[in-house]
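Single-structure report; data block below.
Letters A, B, C, D and E name the chains as they come in the text, with residue numbers starting at 1 for each one.
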Amino acid sequence: MIYYITSIALILIGMYAVLVKKNLVKMIIGLSLVDGGLHLLFIAIGYVDDATAPIFSKEGLSAAEMVDPIPQALVLTAIVIGLAVTAVALAIIIRLYDHHKTLNVNKIRELKW
Amino acid sequence: MNLNFSPVHFIAVPLFAAFLLPLLGRISQKLVTLVPGIVLLYLSAVALTLFPQAYNEPIVEIIAGWRPPFGITLVFGPLAAFLVTMITLIGFVVWIYSYRFIIRAPLEKYYMLFMLLIAGSTGIILTGDIFNLFVFLEITAIAAYSLTAFLRDHNGAEAAFKYLLIGSFASAFVLLAIIILYANVGTLNMADIAVRMGDVPAKIKLTIMILFIVGLGIEAELFPLNGWAPDAYSQAPSPIGAVFAGIVVKAAVYALMRVLFTLFDLPTSSHFLVVMGTITLLIAEMSAMRQQQIKRMLAFSSIGQMGLVLVAFGLGTREGIAAALFLMFSHAIIKTLLFFSAGYLVFFSGFKNISDLEGVGREKPWTGFFFSLGALAIIGLPPFSGFWGKFYLLISAANASHIFLIVLILFSAVIEAVYYLRVVGRLYFKKLHDIEIRRTPFTGLLAMGILAIVTITIGVYPDFIYELVLPAADELLDKAAYLQYAMMGQ
Amino acid sequence: MNPNINDKDSRKIVDIIQSYAQKHSLWVLAYGTGCGAIEIPPTMTSRYDAERFGITGRPTPRMADVLLITGYLATKTLKRVIRSYEQMQSPKYVIGFGSCTINGGMYWDSYNTIKSLDHYLPVDVYINGCMPRPEAVISGFVKLQEMISNGTANGWEKYRDNLDLYRSQQKEVIKNWQMPDYNW
Amino acid sequence: MEQLLNIPAILAIAFAGSILVFVTHLVLPRLRTAVVLLLTLVPAYLVWQLPVDSPMVYFSLGGFDLSWGTNPYSRLFSLLIAGIGVLSTIYSLAFMKNKARLGFFYLAFLATIAAMYGIVFSQDLLSLFFFWEIMTWSSFLLVIYYRFENQQAGIRYFVFSAVGAYALLTAIVYLYSFTGDLSLAATFRVIPQLSTTQLSWITVLFLLGFGVKSALMPMHVWAPDAYRSAPSPFTALFSGVLSKMGVFGMGLVLFKFMGGLEPGHIIREVLAWMGGITALLGTFYAVFQTDAKKLLAYSSIAQLGYIIVGLAIGTPMSVMAAIFLALMHGIFKSMLFMGVGSVFHQTGSLDLNELTGLIRRMPLSFVTVLMGIITVAGVPPLGGFVGKWLLYESLITSNHYFLVIVLFTSSTAAFLYLYRLIFSIFLGQEEREFDHIKEVSWVMWVPMLILAGMTLVTGILPGIFFGPIAEAMQYLGFPQIDWQMSVLFNPWGNQVDMLSVITSIATVFLLGLAFITWKNFRTTRYVTTKDIHTSGEMPTENENLTYAIDFYRPFERAAAPIFKYKVTRMYASFAENAEHLFDLLRHVYTGNAQTYALYVVIFLVILIVFSGWIFGIQI
Amino acid sequence: MSFDWIKLLGFIVTPLIASAVGFTYMGLSRKITARVQNRIGPGISQSFIDVVKLYSKKTAINHGLMQHMGPVFAITASITTLLFLPVIKDSIFFANFSFRGDLIFLIYIMVFGQLGMALGAGQTGNPNSAIGVSRGLSQMVGFKVPYVMALVAIMIHAKSTNLQEIIAVQDGFRNWMVFQMPLASLAGLLAYLGYMGYAPFDVPFAPAELASGPPSEFGGKYLALMMTSRSIFTFAKLVLFVDVFFGGASNFIELLIKTFLLYLFALFVGLVNPRFRTEQSIQFWWKWPTAIGALALLLVAWKG
């Protein structure tokens, strides 16, 4: 249960950061937190108490004794994607800072209406 | 000659090309510009070859040897065939346009991202696996973020940041939805999920659905989730604006509809999409009315058109979905045409504002002509394809007894007419500003010409497309059949 | 040249009727040139009632038969008078009114009035006096009527036949001649 | 061969023709005139050759069953299109000579004609709408032909047309949701089964759609500027024929669709009154115009008001009057626009305050305009009288007393602007600056005089129109109507014999003319208009004494209270307010990334919180 | 249709009689005006003399074709109007075309001449003529409203647009329209004042300010023809109003009495009134006569 609570808390903290913090980098950190929370949640879903890794490490290991392997595989993918997004985001932030000399999201509002 | 085409090529070939392009860039810039064309031509050929087959008997391709529900499948039914063909063809035309238009430095990056975009979009449409869908969505999105910022100006970066922020939310919600879904049904194959959906508690089902609506709705430009769209459309290079309107959004709408129809049966039971689509339409058209920049106006218009598509889907009838698909097709063609010509106009004058385009139409008659033609077409005048899309939509709305809806749609069409004609008027009526008119490559006109011919042809003889969209609509509606073949009979 | 249409020897019934009508219907172009114009209203209104004789005022020369020159004529006015006269339809008559039209009267040595109207327009009847009373005016009209029935009121023919003479005399006093020529 | 040369062939030739002309202009400009002439004459000839009931052509397009065919009603209008189309095309050959972008002009010109053929031949609602829209944008292209000054007019025209067309479209799809079939025949079959409310809605929508094209008040706002802006040959077609398409549709709607709408139904009455007010106000506005074409445009609006009144009343006689007036209006308004267009062609001006005294310079144009204004005024013996007479008599005999007064006032006031038109252009003082003006070439005056001749012929022998109209009305569902070649009847049994009228008029006129010419023939002096009575003063060469500016000032003062309210201003304020509203709404897009993210979250929360309400049922 | 010689004679004689009566009335009006102004005045035949004099003019001025044709238009309209009017009830001689004497046709044919005159006046290029025409046409819009209201009310009441039938309805003194339909008749007679063009509605022809307005450039034969036309037209108008409101006339004497009384009415109203400005007269007609006419129409409509 703690996993769920933690992950959801992470997600909410991340969202808070995105919605409230004015600093672009902090917002991106928030996004990463959301991602992290999600990944944790995903893992937690596949987690089975007292089960082993989903590898046929010993003979006669039944599927029920292993944690669900699929979330783990998927989370791996998701982490990669999250990373890529973060990288792109940071690149864009650098570009933005070059032009605006600020990281305040409220001041970067040339495109509107 | 049995080339043994397979739907996998739609994803694999562009993906491969995307990785190859930076390497090729070391060898020759010429090669970099040519290869995507060849790839897209090849994909178009594949699509056209597989087309009849898909309409006869949907092709289900298994990746990595696992049969569904465990393995990842590619489902190439009529709907997918229709959309993929559309995407590849539009992609090809975009390439023709880009061929001489995008000549700035990081060519290989541009084409790499473009290829990724194609791969992601076709992937979204083809995949039968929900997590795969998420992955392709992300591929598309990342490519799109980067392309938005492709022009090295600060506005591009700003738009890209907005897109990225909202897009990340989208992916987070989609991922969350997938997580909850997986926790409840324990499978990722969409057909399998659909089968097992009955066991899931209603509350959870609803939550999942809402998460999907929000997540995919962001990409599908549903109001109020579409704040990124006008910025991204207007700041990306013109061909990419066309790609967004013609390809990316279409794929996202497909994903939304696939989820909603196959997993949840929403549109047949609720007017949610109709209402949201109408709101999207109206707000977008009203905003477009007051825009100063031509591409931003086109972006809002595009949002409005997507609202129309959502309305049509939301009707949930066979005609409605057929109308939606027709609209998607015609919008893809026309909006691409408009973005192309607008891109040229902006390029000529060097300014994005409508007021700076005064008189350009007379200096550049062909581009002006194509823009005007596109404007007339998107307003929905016969004999252009836009008319038929709207007409089908209205007919199906009337059959569903949504008379008020018809009035709203037509009201928005009037607004559309006003702001498009304003631009057309400025193109021709005002005196040319004291600006230097640049020379432009011919290929762009070729691309526009192709699109113009297509829209007129379909406008005069809509049966071409209408006969194709009907089976596609059937596929989306006939869940049982989809489950049957997507599960390969299991 | 032309035979006198109003010849009293002519026995044609049409001519008799025409002459009768012309005699009894005299439409006056009331053109008040000088002080004499003040005598026209009493002549026309209740007290003297010239309409008894078929004499009425008409506002335009196109309709009028009689040009009434009521007093002295400045050269500037003369030009307008000539123009009005030429716009009238034949047969047309000119009545000179008061001594100014006869010999210049009290303006005899003025630098810009004409001395004798007859040099410039063919006057059929002069009414003398300064001013002539309405009775005199009516008497002048009756005289004109008599002349019409006699066929002697042929000033318009004189003007037509001797146009060159009249024109040269007119041009002597009117320096800026800007008028279309009266061609017959 | 007979099968081949039917409606599809006509439409194909007509549409292909427009493109062909465009191509010819690009490739071989020399051949353009020949091609234009050929491609107008051939379809017109084929239309002429069409039998009244040619076999229907059925085909399927876009999943709908469509059909084309002719009937007496459509044949009547197709002949009008063909006639005026050919004449205005011939006229345009000289008028548009040496103008720029002729390919574009003829593309749109011929496409408009072709689309109008399409409209009258359509036997289903979809092709009707399809051609309707083609007609709209091709005519729009011509409205904006002279580019600079006409943007406003063009956009206004287009927007109003779009509103009208969309009303039409709404009606069509609404109807389709009952019938499931777009063909007119099926529609007629289903109509009686609809409830009165539904029927009323459909009727109103249709009338709105058709009313815009026929410039019914208060949807007339586009008309003056659009008519003013288009090149004159097209204005002739525009006002003469294109506006009749609205009338055509109204006739179809009022009598074929809405057979259930008995005479005296509220919709009919309201429509009739709208027509009446259109006639009245259109005329009053026309009186104060200083631009010849704008004056004629308002006149057009007013005349269409008469036609609409006739249609709306719906007694056999009034419908006959309406259709007769529609045909007459096609003839005389084309002719007037051509005449005024000739003046514009020669002098480059349409300003009534500026033009003057052209009668000697352009006698044939003068004759055209003279015949035109006599016809518009409805003075016997020309054709306009027949239509007016039929209309008044039908109104009186069908108890529409006040409508008669309104129309009569309008037609009396029509004298004002008609006189103004002919006086300011042709009469009045002759000006030195117009001394060099010559009459237009024969290519232009021949069509004008043909039309002028038509007005005389229809005045004397209105029966040549009554025959086809009677057939058309039978198609519209009226009983067989008796008619005679030159005698007009009313239901109370009174008659007007046009032959005795023309005998009397011609005799007296010729005798009078002979007398006045013979009398004093040798001694009549021919003078210029400078030789006038101005209290002895001589107008100099540069002095223009023509009374033209504020010609009807006294009337304007008298009628001032009527003009206090302007519908244009109402639309303008509506548009302004709408734009402000739109401006307000687009501030939703604040440009702040965080706000957008907030929207997403709020939207999500709303959906979750109100999920039961939003999605209706549990899934 | 058998050709009737007596009818042909009627065609020729009717206009002659009409112009004779018209000129006599004009002469009488001058005499009466003079008497009212405490003058002796000209003889009754003065109008004849005037017109003969005008015909006997030796020269003429012509500004162009329309001035040439304007008077011809006018006389054409006058004579045609007359020919379609039933001058005397049931008379074959004066019937002419009046068996088809349609009221609406008459209203329109009467305009023909005014239009022709206006065109002729316009051709001359005299600004006074144009001003006169402008005023005249404006006034026409004014008085036509009550005029048509009255006529329509009567047409509906009589259930006919044929003048002969309208006369037939008014058989007997008490059945005259003036008594059957007092309101409509009142409106009609007020409009009639405008139609006749006497004061207070004579601003289009105001001699002092406009130089007699439209005909100011007409002289000689043109003015003569115009005056002839005017005499016929005056008579025709009187006959029309007598036919519509006063039950027509069954013999010539009755016709003369009725028309002359009607003429006197217009004349006396004119003699004791000053002149309205154009907009004043338009607004006058659009107020009271129109209201009365509308009331009449409502009554007729209510009666069914």
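Methods note: contacts are C-beta pairs under 8 Å (C-beta built on N, C-alpha and C of every residue); 3 or more make two chains touch, one makes a residue touch a chain.
Note that the structure is predicted; figures quoted are calculated from it, not measured.
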Intersection of the contact lists for subunit A and subunit E: D
Required steps from subunit B to subunit C (each step between touching chains, minimum): 2
Centroid comparison with subunit E (C-alpha atoms), farthest chain: A
Dominant chain pairing [most C-beta pairs in contact]: D-E
Chain located farthest away, centre of subunit C as origin (C-alpha): A
Chain centre separation in whole Å, for subunit E relative to subunit D (CA means): 36
Euclidean distance of C-alpha centroids - subunit A vs subunit C, Å: 117
Distance from subunit D to subunit B - Cα centre to Cα centre, in angstrom: 43
Residues within subunit E bordering two or more other chains: 57-61, 211, 216-217, 220
Multi-partner residues of subunit C (at least 2 other chains): 60-62, 87, 90
Subunit A residues counted as touching two or more neighbouring chains: 18, 27, 108, 110-111, 113
Complete list of chain pairs which touch one another: A-B, A-D, B-D, C-D, C-E, D-E
Residues of subunit C defined as touching subunit D within the complex: 31, 60-62, 79-81, 83-84, 87, 90, 178-180, 183-184
Complex interface listing, subunit A residues touching subunit B: 11, 18, 24, 27, 31, 34-35, 38, 41-42, 45, 70-71, 74, 77-78, 81, 84-85, 88-89, 92-93, 95-96, 98-100, 108, 110-111, 113
Residues of subunit C defined as touching subunit E within the complex: 5, 17-18, 20-22, 24-25, 27, 45-46, 49, 51-54, 58-63, 65, 87-91
Of all residues in subunit B, those that touch subunit D in their complex: 161-162, 165-166, 169-170, 173, 202, 205-207, 209-211, 213-214, 218, 224-225, 227-228, 230-231, 264-266, 269-272, 283, 286-287, 289-290, 362, 376, 379, 381-383, 387-388, 391-392, 394-395, 397-399, 401, 403, 406-407, 410-411, 413-415, 417-418, 421-422, 425-426, 428-429, 461-463, 466, 470
Sites on subunit D touched by subunit B in the complex: 60-63, 126, 129-131, 133-134, 136-137, 144, 147-148, 150-151, 154-155, 158-159, 162-163, 166-167, 169-170, 173-174, 176-177, 579, 581-583, 585-586, 588-591, 593-597, 599-604, 607-608, 611, 614-619
